[in-house]
Amino acid sequence: MGNLSGNESSIVSVNLPGSRFVFWTNLGRSWYKFSQNRLSVIGLVIVLVVVVSAIFAPWITPYPKEAGPFVNFVDAGLRPSLRHICGTDNMGRDIFTRIIFGFRDALLMAIVVLALAVPVGVVLGLLAGYFQGRWVDTIIMRITDIFLAVPPLILALAVAAVLKPNLMNSMIAVTVMWWPWYTRLLYGTASSLRNDYFVVAAELTGASKVHIIFKEILPNCLSPIFTKIALDVGWVILIEASLSYVGLGQQPPTPALGQMVSDGARYMPTLWWMTIFPALAIVFVLLGFNLMGDGIRDMLETNRG
Amino acid sequence: MLFGSEVNTVMSQPGNSEILRAVNLKKYFRIGKDKKGPIFVRAVDGVNFSIKYGETLGLVGESGSGKSTIAYDVVGMYRPTSGQLLFKDQNIAIQAVKRPLSQKKEIQIVFQDPSSSLNPAQTIEQILSLPLKLHTRIPKRQFRERMVELLERVELPAEYLYKVPSSIGGGEKQMVAIARALASNPSLIVLDEPTSALDVSIQAKVINKLVDLQKELNLTYLFITHDLSLMRNVASRIAIMYLGKICEVADTASFFEKPLHPYTQMLISAVPVISEEEEKLKPKKIVSIGEIGSPVNPPPGCSFHPRCPCKMPICSEVDPEMIEVSPEHTVRCHLFSRPEGTGSKGVQIEEKQPCV
Amino acid sequence: MEVKEKVLLDIKNLHTWYRVYGGNLKVLNGINLMVREGESISLVGEAGCGKTTTMKSILRILPPGDFLIPKGEISYKGKDILKMNPSEIQRLRSQEIAMIFQDPTAALNPVFTLGDQIGDVIKYSIASDGRKGRKEEIRALSVKAFKEVSLPDPERMLENYPFQLSGGMRQRACIALAISSSRNLLLADEPGTSLDVTIQDQILRLLKDIVEKKGTSIILITHALGVAREMTERIYVMYAGTIVETALTKDLFKNPTHPYTKGLLASVPRLSGGGIAKGIPGRIPDYLNPPQGCRFQPRCEHATPSCAESSPQLCEVEKDHFVACYLAQR
């Protein structure tokens, strides 16, 4: 019989490097991997600019009041100038300020949608992947297929139109069509990991299914999950813009990027700045998150041996 | 250089009894069907063996021989198709998930490739905590102490608890896998080619450690490998497999002194050696011919006959039986037979003219 | 055996570094290696010693941007490979030097037939001469190559995909690709290690036959001393990016001198029994901060303080037997 008794009462004082040291070294190594690609760093900068300006919008924008109910026909339709960097719209509101405030709701929507859709999608995908081939897999994946079969924007429009058009309902609509993508992502990753030897070793030694799914398989899926989250923030913002473009989603007078684009379309080409700058803002945000997403993928690659 | 000790003979345990026994073990995998019926891969095709307490049984073969399948049957990854598999006289011919926890604790496995058998996203600490949690009654706050002790046993420094597998070398990863296997205080460890992926000087360290641990902790090993020189120095008994069947079983010394089966001789002569004295020990060079057969459609009669330099007409028709040629040395080959009219005891073995 | 004199490949004092987080991995630390025409040598070393890096440096297939070669020269037929321009390198890779990789499954493209793959190799080899090969010519050369490696039914084999072949046959196909056009130097990276013992035996014998018949030089990379002993005339033992010992095969086994070589030989399990040596204590050095002097010194039981100060160079200790060790040179 093995005689490794665990009954020694001597407290072993081990000089292990502190976890803080390990943490900072890992952070340094992660940053190295991330920053290898200059574009990823640019993306990170863009994202930080957007996020910080959105958080501190009331304090850093030149005309915070104009992001609410405000009308000033005297200053309406002004060209971009030093006073109004992006000009003013047909109601005299500073476009630059409204863009920054528009970021707020866009980011809020992205956070809420992903905070709800990701856990749901990930858990379902893990379950389907672990129980691959059994009825759990079939049920989950067929439901997922149904949701994926409907064009995303149409689904969001339908849900948002049935409910009252406002920010919260559009968030619900987008969440409902967002989780299946994570399920599919995790299904692929989990079902291939499921047969790897380290999972088998855990099963053979008697680990519970919960342990295996969340402690063995999930930690290996973090790279695709977080990469996708980074990219998805950009996509949710785009969807939000699409919804507000057609009048669903955030309602005026609160600014929304898509709505601003749509408003300005009527005044093209004379008041071209009304459309162009909000559109550029959308492009800017998306670009930032896409570039950053590449860096996150590089950073999180688990080295297999 | 210090030398590890010579292979020990069977340690005496409760009456020298067997810890593991397989009787007519079969594992077939169904891979579809054709006009004649379902098609099976006959990975293990009627195998009989036993392991005594404290000994090391070397299971040697090439791809398709079924050696890994047997290992996986023992450990519970697969459920045998038919036959008996007994561990300490209890039936274990069932999958691990259905076995009681106490059996899972007793039988552990070390896989060939430590890069895939250790979770790349976990630290060594997390990897070792699983068996401690499941199989021991140690309270959580004493886990770290115990893990350091386990690492010390395999000569790894305590700092390794914080490392992830990808940051340590292959030999060290395998030591972690061994430490993990030891964490539950097992009595039988299945070693599936544990050093095939390692360099020779690291292999020496790992093997020596395994041999030492066996003596210290009274472990029994089922050692799967294709490396005969290694088995010469580690195993107490060796069984050679080809296409799902055992060809020859013997204690190590007899195995190399007088290999009987042509496949055994072919294997031994194919081993690259590093000294003249070893060359002389090899049987006359049997040139290996042909490809290894497929376990899906094994040839009729003796499955080795297409590659056998000593083939006789009967070999392609009748599958030979396992015959005991001398105590503890059995072989399955038509070159050896029991004369008619004798029982199974006290046989006179008649060896047909040896062809090599 | 005729004395082979003409030098084909001469690596002089090669240093190769990789760029990583935290600095440079100074893997190769002054490699000196020479291959003559028609000679077969093996480069023996364990994982992480830099043998693959050496091969990649010869063919210049190191990951671009992530490496640097601060010192050294690789002279092939008199010209320095490290200074060659792209078209010369192209010619080098398609006509002079061929590499046989370790894992035949990974080395063959799964979506193309064998005929396509070997056809490509031959086509580019002919193109380096400035000609354009005709289809029949390429096909004939392909079949000839497959016959030389004893692949059954060579005509039919051209239509097969790699997954239809066994491991041994794939390795033969890889060898066929390497010898399809006349080459002067083969680099074989652990051929057969991923195969079964009896199949590996066949592959190695095949390789030896081909090399002897065609007079090709071969550098065989392996970690198995037994394989080196059976296959080649001269052995270079490599540790942590340095050549620690080199001698004719029989001399090396009769009189191993460097402590690492001795440790390696002692670790090999013998068919004659006798237990297994305890291996070599310690681990390979951290290439980010390698030891100043002899790289084996931290693990060597005969080390003296002077070993840590400067790297020993290869010195002749008996005829044609060189060792890089201060102990041996005393």
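By letter and in written order, the chains are A, B and C; residue numbering begins at 1 in each of them.
FYI, a residue touches a chain if its C-beta (ideal position, glycine included) is under 8 Å from a C-beta of that chain, and two chains touch if they have at least 3 such contacts.
Given the structure is predicted, the values throughout are model-derived calculations rather than measurements.
Chemist: Counting only chain pairs that touch, give me the topology of the graph as line, ring, star, complete or other.
Modeler: Graph shape here is complete: every pair of chains touches.
Chemist: Pick out whichever of the two, A-B or B-C, is joined by more C-beta pairs in contact.
Modeler: Contact tally favours B-C.
Chemist: For chain A and chain C, what's the span in angstrom between their mean Cα positions?
Modeler: Whole-Å distance between the two chain centres: 49.
Chemist: Taking the mean of the CA coordinates per chain, how far is chain B from chain C in Å?
Modeler: Each chain's C-alpha centroid was found; their separation is 33 Å.
Chemist: Can you give the whole-Å distance between the Cα centres of chain A and chain B?
Modeler: So the centre of chain A lies 51 Å away from the centre of chain B.
Chemist: Would you mind writing out the residues of chain C in touch with chain A in their complex?
Modeler: 21-22
Chemist: If we count contacts the way the header does, which residues on chain B are in touch with chain C in the complex?
Modeler: Chain B residues touching chain C: 1-7, 62-63, 169-170, 172, 198-205, 207-208, 226-230, 232-234, 252, 256, 266-268, 270-275, 277-278, 281-282, 288, 291-292.
Chemist: Sort out for me which residues of chain C touch chain B in the complex.
Modeler: 46-48, 166-169, 196-202, 204, 223-227, 229-230, 253, 262-280, 283-284
Chemist: Inside the complex, what are the residues of chain A that reach chain B?
Modeler: 1-4, 6, 8, 11-12, 14-17, 19, 22, 196-207, 211, 215-216, 219-220, 222, 302-305
Chemist: Which residues of chain A touch chain C in the complex?
Modeler: 28-29, 32-33
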